[in-house]
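Below you'll find a set of structures to go through.
In the two complexes below, chain A is the common chain; its partner is chain B in one and chain C in the other.
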Partner chain A sequence: MTIELNFGVILSEILLLLVGCFIFLFDRFFKNKGYAFWLTLLSLLIASGVLLISPFGGFTLSYQNDFFSIVFKFIVLFGAFLVVILSKNYLTYHSQLNYGEYYGFLILSLIGAFLMLSSMDLITMYLSMELMSFPVYLLIALNFAQQRKSLEGSFKYFLAGAMGSVFLLLGMGLVYSATGSLFFMQIAQSLFGKAELTYVLLGFLFILAGFSVKMSFVPFHMWAPDAYESAPLPITSFIASIIKFVVIACLIKLLMVAFIPLKAKIGQILIPVVLLTILIGNVLAIKQDHLIRMLAFSSIAHAGYAGLGLITGDLIGYSFTIFYLWVYLIMTIGMFSIAVFLANYQKDLLYIPKLSGLSQISPGLSFLTLIFMFALAGIPPTAGFMGKFYLFIGLVKSGYIWVAILAVLFSVIGAYPYLRVLKFIYMEKTEETFSYRWEPGVWFPVSITAFLTLLIGIYPKPWVDMVYRTLYLYLTFLFYPY
Partner chain B sequence: MEFLQNNLLSVILWLPLLGALPIFLLGKRFEYTAKCIALFTMLIDFGLSVLLLFSFDFQNPGFQFVEKRLWIDSLNSYYFLGVDGISILFIPLTTLTTLLCITISWDSIKEKVREFYLALLFTNIAIVGTLCALDLLLFYVFWEAMLIPMYLIIGIWGGPRRIYSTLKFFLYTFFGSVFMLIAIIYLFLKFGTFDYTKLLGVPLGGLTEKLLFLGFALAFAIKIPMWPVHTWLPDAHTEAPTAGSVILAGILIKLGAYGFLRFGLPMFPHAAQEFAPLLLLLSVIAIIYGGLACLAQDDLKRLIAYSSVSHMGFVTLGIFAFNPIAMKGAILQMINHGIVTGALFMCVGIVYDRTHSRAISYYGGLASVMPVYATFFMIFTLASIGLPGTNGFIGEFLILLGTFFTNKLLVVFAALGLIIGAGYMLWLYQRVFFERVNPNIEGLAPLRVNEFLSLLPMLVLVFLIGLYPKLFLDYMTTSIEHLLNNLRF
Partner chain C sequence: MGLGIDLNSLIFGYLAFAMVVSSVLAVFSKNPVHTVLLVLVMVVHQAFLLLTLGSEFLMAVQLIVYAGAVLVLFLFVVYLINLRKETKHSIFVKRFCLCSLVFLLFLGFMGVNLYLIYGAKKFEQAVLPFNPLEKDNLWWIAHYLFNYYLLPFEIIGVILLVAVLGAVFLVRKVKTTEEA
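On to the complex of A and B.
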């Protein structure tokens, strides 16, 4: 076995790492912190260019650049790009946060996400997940200057994450003792044709529990509302969309590549978990008065919906899960951009009853909120409907009609919190008014996500095909390389 | 011109979007322009839908003006539009109703004017889309999308309890349609297509067919609404603004009955026949219950809303009698109800704009204050009762006649509903228009031009259908025979 050291494949990570280090080392020399924003934005653009030309292949056995990682890294980059633009705007209005390190941490977390998508063994996956999470804990705590609660949120998230890591390590240990390896391909080989799987299954369940913390699956969801509420808003959207996307994508990778014989079994086990996640997320969202807490619970429920695709344990279900996460990423970043806009002008606008009469003040913003709210509720012709529709198709196809019926019923409950937000925005009146400016830092992410929400809702085909082909080609090249 | 001929349905469907675009882009100062654009758009749209009526081929039982383009190929789903004798009449009815909603709301909507007309135009798109869609996925998308503008219309411009009503309306109908979604997905996975024309002949049967039928039927029954899932209707109709009530009563609730005719019966014939006795019973209960509920109301709009429950009971009675005459009557009755109840809601809206009261006891002696208005109201009242010479008579008569062949006992009870109907409508008329002039309403302004013009087309249609129903019945004949022949295989 030769170990390749092909620096070409890992170039985008190296680039981001250099930029991150530069920010951490030389931040003191810049009076105006605007440089960090432009540098980050530029490095993201260059990184996407590098990704485009970077060759397939491995960097040692632990890292691999392939269809899976490149396509999903692009999605992550797209999300991060919007988050960075949003951050610039947010930091202008919340100057206590205006450190260069903010962007540095964001880049570090992004490197973690990249490495995780490319990882080919459990240790790398674990380490890169920590690399992705730790900067986020710090970013939440960074908000301490303006919100005392943020320490609590950060600490809760950290403790939950630490607990998840413990589970993950325990699971990895069990898998190692059962299969004798931590590399995905070798695990797959040793499981091939093996009859006795109990030990491995136990190990994988612990790994799943570790992942569940990040995915905010019930019963590991309780950190979400506090962390979401106390984080700087762009970071919240980062946690809700990108981290969830990466973690679930990696879970799918594990199931598709390493633990193939467990797919069906894990699907069965996930049924109650996923249904409970949807139900609890939706029910708890009903009574929330804080917009971000409401979105946090809705984010729990949406993670549950995405999990519906894992139940069936086939490629189609997995691709629908990833499609749903992509749709959710768009909707969430859009909705959080609106939250950033509101928070910029008045902090207490994030309380839903305070949104009363927003449509009198800003009809355009209210209309965009309307699009995102109906998308999150899953009403056509928005992307949210198409995402759910595909997931239900996957379920019914594999004979889980009752799961689909329950999920669809829960989505009726889930519509209420979004309708409630619209109720205040459109149907209540207000005497207050505030003046606002549409700044590119907000309208760019909002308009691009709103456009995509409608576009995918009307014409979802290319996006679903893209995800499916990515997974299909990835597996083909992995198992039958020519 | 050739483009228009080939894509007439698409043009009718999407034209309001073209009108919505400038309204959307115009600033707040251009409210009057926005109104004019909306009116103009709907005038053209209505004109085109009349053109559709004239270019319809009576002898052809299949779908006409068909447009089929690939939409999502991995799902084998098409952008597939077409109309037949069952749906064609509803399209001009929809565009006319929307047009009249624009004229009747000309002065009464004072805030968020642009948004209101946008919502009306989008409702029109969604309803016409639901009526023409022959691909189940496309149908579902339009069916659900309709909720968005209706949620806003009731919730923003409605009465005092509008928020409760609109949430109830939204969640109730959303709840109903999710089962339909699962049924549609099941059909797709079993037969690999969303194409309605292909799904017609597929072999189903047994429990599957029954469950699928129930999945569809719940969505349709809530939309109609049939007893006992009618409870959203009185709230929604009462609290909606005039235009909202007119759209709800005039076309939206017809879509449930249309759904039964288009999907429920032909796709699941055995299950439909099996459940027919139950649905007939529910229809008769709705007729009597709705009528009795009307007698107890002191709210003008609520009374008319409950009368809708009663009238829609006649429609479902006609549908599930499985008889060509009754079915013709049912479709005609849907149109009639759209015209008459729509007009009655407009009438209520006209006085509500002046007095801001819907209580019957608030009025009295209105006939001497607003004589022209009283005449209009009288004619619509009589049409609602079903007086010979008006359209209501033809519809109800055909339904009762047709049902008489299949089930005599039910007709007796249904006819009882007619008498109750005459009772509550005449009593309403007496309390509002005759007796002593209530001091509350002295000196009310007479009908304005826009109000007069909004009521006039309805009046013409009342007598046109009432005196020469053949004009409209001819559209349905072939398609209904075709439908019923397919039911008896």
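On to the complex of A and C.
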């Protein structure tokens, strides 16, 4: 086995790291903090260009550039691009948060996400997960001077994350003692032809518990509402969409590459967890009056929907899961852009009853809210419906009909909180009015995400095919290289 | 062996028991100085556990870094910011009894599960990817750290950078709402 140090494959991470360090080092010399925004945007664009031309291959044994990592890195970059644009708008209205470090921490978190998507051993995966979450803990606490609550949310997330890390490390230790390696390929090799798997299964369950904290699966979901509510809104959309996407994609990678014999069993174990996640997320979302809290509980429920694809334990189910997460990334960033718009002009508009009569004040905004709420609830001509449809069809096809029926019933409960928002917007009257202005920082992400939501809702096939082919080609190249 | 207990498991049992007891006491101790000292006891026992596993280099590192540097630093912090007394709170969790009951039930459930899975058979012997007796301890650590785990080693550097930056960033001087 040779150790390659091929710096060409890891170039995008190095680039982002350099930009992050530049921001931290030279932030004092810039009076106008807009430079950090443009620098970040530019570096994201250059990073995507570098990704396009970067060769496949490994940087030591623990990092690999392949179909999986490159395609999903593009999705992450797309989300981060929108989040950064949104941040610029949010920070102009909340100038007490306007530091260059905001973008610096965002970039550092993005490096963690990139490394996690490319990681080929458990240690790298764990460490890059920490690298992804540490800056986010700090960004949640950014506003602590004005809002004491943000410290609470950040600390809760931090403690939950620390507990998850303990589980993860314990599981990694068990897997190491059973298989003698931490590299995915070697774990797969040693599990192949092994009759007794209970020891490895126990280890993997601990790893799953560690991941569940970040994915906010049910026994580990309690940090989510507080952290979401107290964070700056663009950061909330970052946690809800990108971090969830990366962590679940890595879980799928673990199942597909390293723990192949455990796939079916893990699916069975996940059934009650996933159903409970959907149920609890949806039921608790009903009572929330704060828009962001409602979206936080809905994000718990959506993580549950995405988990439905893991139950069947085959490539089709996994590709549906990732497709759903991609759809969810679009919907969440769109919905949070609208929330940023509302919070910019009147902070209490984030309370759902205060939204009443919004359709008189701003019909365009109300229509966009309608699109995203329909998408989140899963109502036909939107992407949210197609994502759920594929997941349920996948379950029915592989014989888990009762799981599909229960999930459909729970998602009917889940439609209520979204439709309630629409009821306030469209069916109530109001005397109040406020002036607003459409700014590129909001309309750009909103229009792109709304367009994609409708496009994927009407013509989903190429997107599902893209995800499926990515996973298929990845596995083919991994196990049969030539 | 005559008693049916070999010396290895006796020593391991003592070290593990001492570690668990000292860490539990550290959590429940009211005095922060006592907490730090109990953690010190735990760390020393851990170091000797590493010695029984044959990794003398890690034992030395554990003693020098944790017992020697980190905990002394903790002790300094405790003295410097005058944290002798614990701040008292009313009970944080409502229905504390119910919660602890549920926790105990959960523990019992886990225990029964583990017993059902592993009670019948002996634990598998751990698989090692190399023969540790071939070279000395330090050689193996260096070999694995700088060949196979080079990237994680670098990532740890970035994580520490984030931690330092974050600590500095969070203690910056800002106008709170009360002042403004």
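Here is the rule we go by: the second predicted complex is superposed on the first by the 482 of 482 C-alpha atoms of A that agree within 3 Å, B and C clash if a C-alpha of one lies under 4 Å from a C-alpha of the other, contacts with A are read in each partner's own complex, and residues count from 1 in each chain.
Everything below uses one rule, namely that contacts are C-beta pairs under 8 Å (C-beta built on N, C-alpha and C of every residue); 3 or more make two chains touch, one makes a residue touch a chain.
Quantities reported herein were computed from a predicted structural model and do not represent experimental measurements.
Overlaying the two complexes via chain A leaves chain B and chain C side by side, clear of any clash. Of the two partner chains placed by superposition, A:Lys31 touches none, neither chain B nor chain C.
In the superposition on chain A, contact is made by A:Tyr426 with chain B only, not with chain C. More residues of chain A are touched by C (comparison of chain B with chain C). Within the superposed three-chain model, A:Thr60 lies in touch with chain C and out of touch with chain B [touch as defined at top]. Of the two partner chains, chain B is the only one touched by A:Ile401; chain C is not. Of the two partner chains placed by superposition, only chain B is touched by A:Ile393; chain C is not.
After the chain A superposition, the centres of chain B and chain C are separated by 140° when viewed from the C-alpha centre of chain A, nearest 10. The superposed three-chain arrangement places the nearest Cα atoms of chain B and chain C 35 Å from each other. Contacts of chain A with chain B, set against its contacts with chain C after fitting on chain A, share not one residue.
Contacts from chain A toward chain C in the complex involve residues 3, 5, 17, 24, 59-63, 96, 99, 101, 104-105, 108, 111, 115, 121, 123-124, 127-128, 130-131, 134-135, 137-138, 141, 144-146, 177-181, 183, 186, 190, 196, 198-199, 202. Contacts from chain A toward chain B in the complex involve residues 359, 363, 370, 374, 379-381, 385, 389, 392-393, 396-397, 401, 404-405, 408-409, 411-412, 415-416, 419, 422-423, 426-427, 459-461, 464-465.
Chain C makes touch with chain A in their complex at residues 117-118, 123-124, 126-129, 147-152, 155-156, 158-159, 161-163, 165-166, 169-170, 174-177.
If you check the complex, the residues on chain B that touch chain A are 28, 71-75, 112, 115, 137, 140-142, 144-145, 147-148, 151-152, 155-156, 162-163, 166-167, 170-171, 174-175, 178-179, 181-182, 185-186, 188-189.
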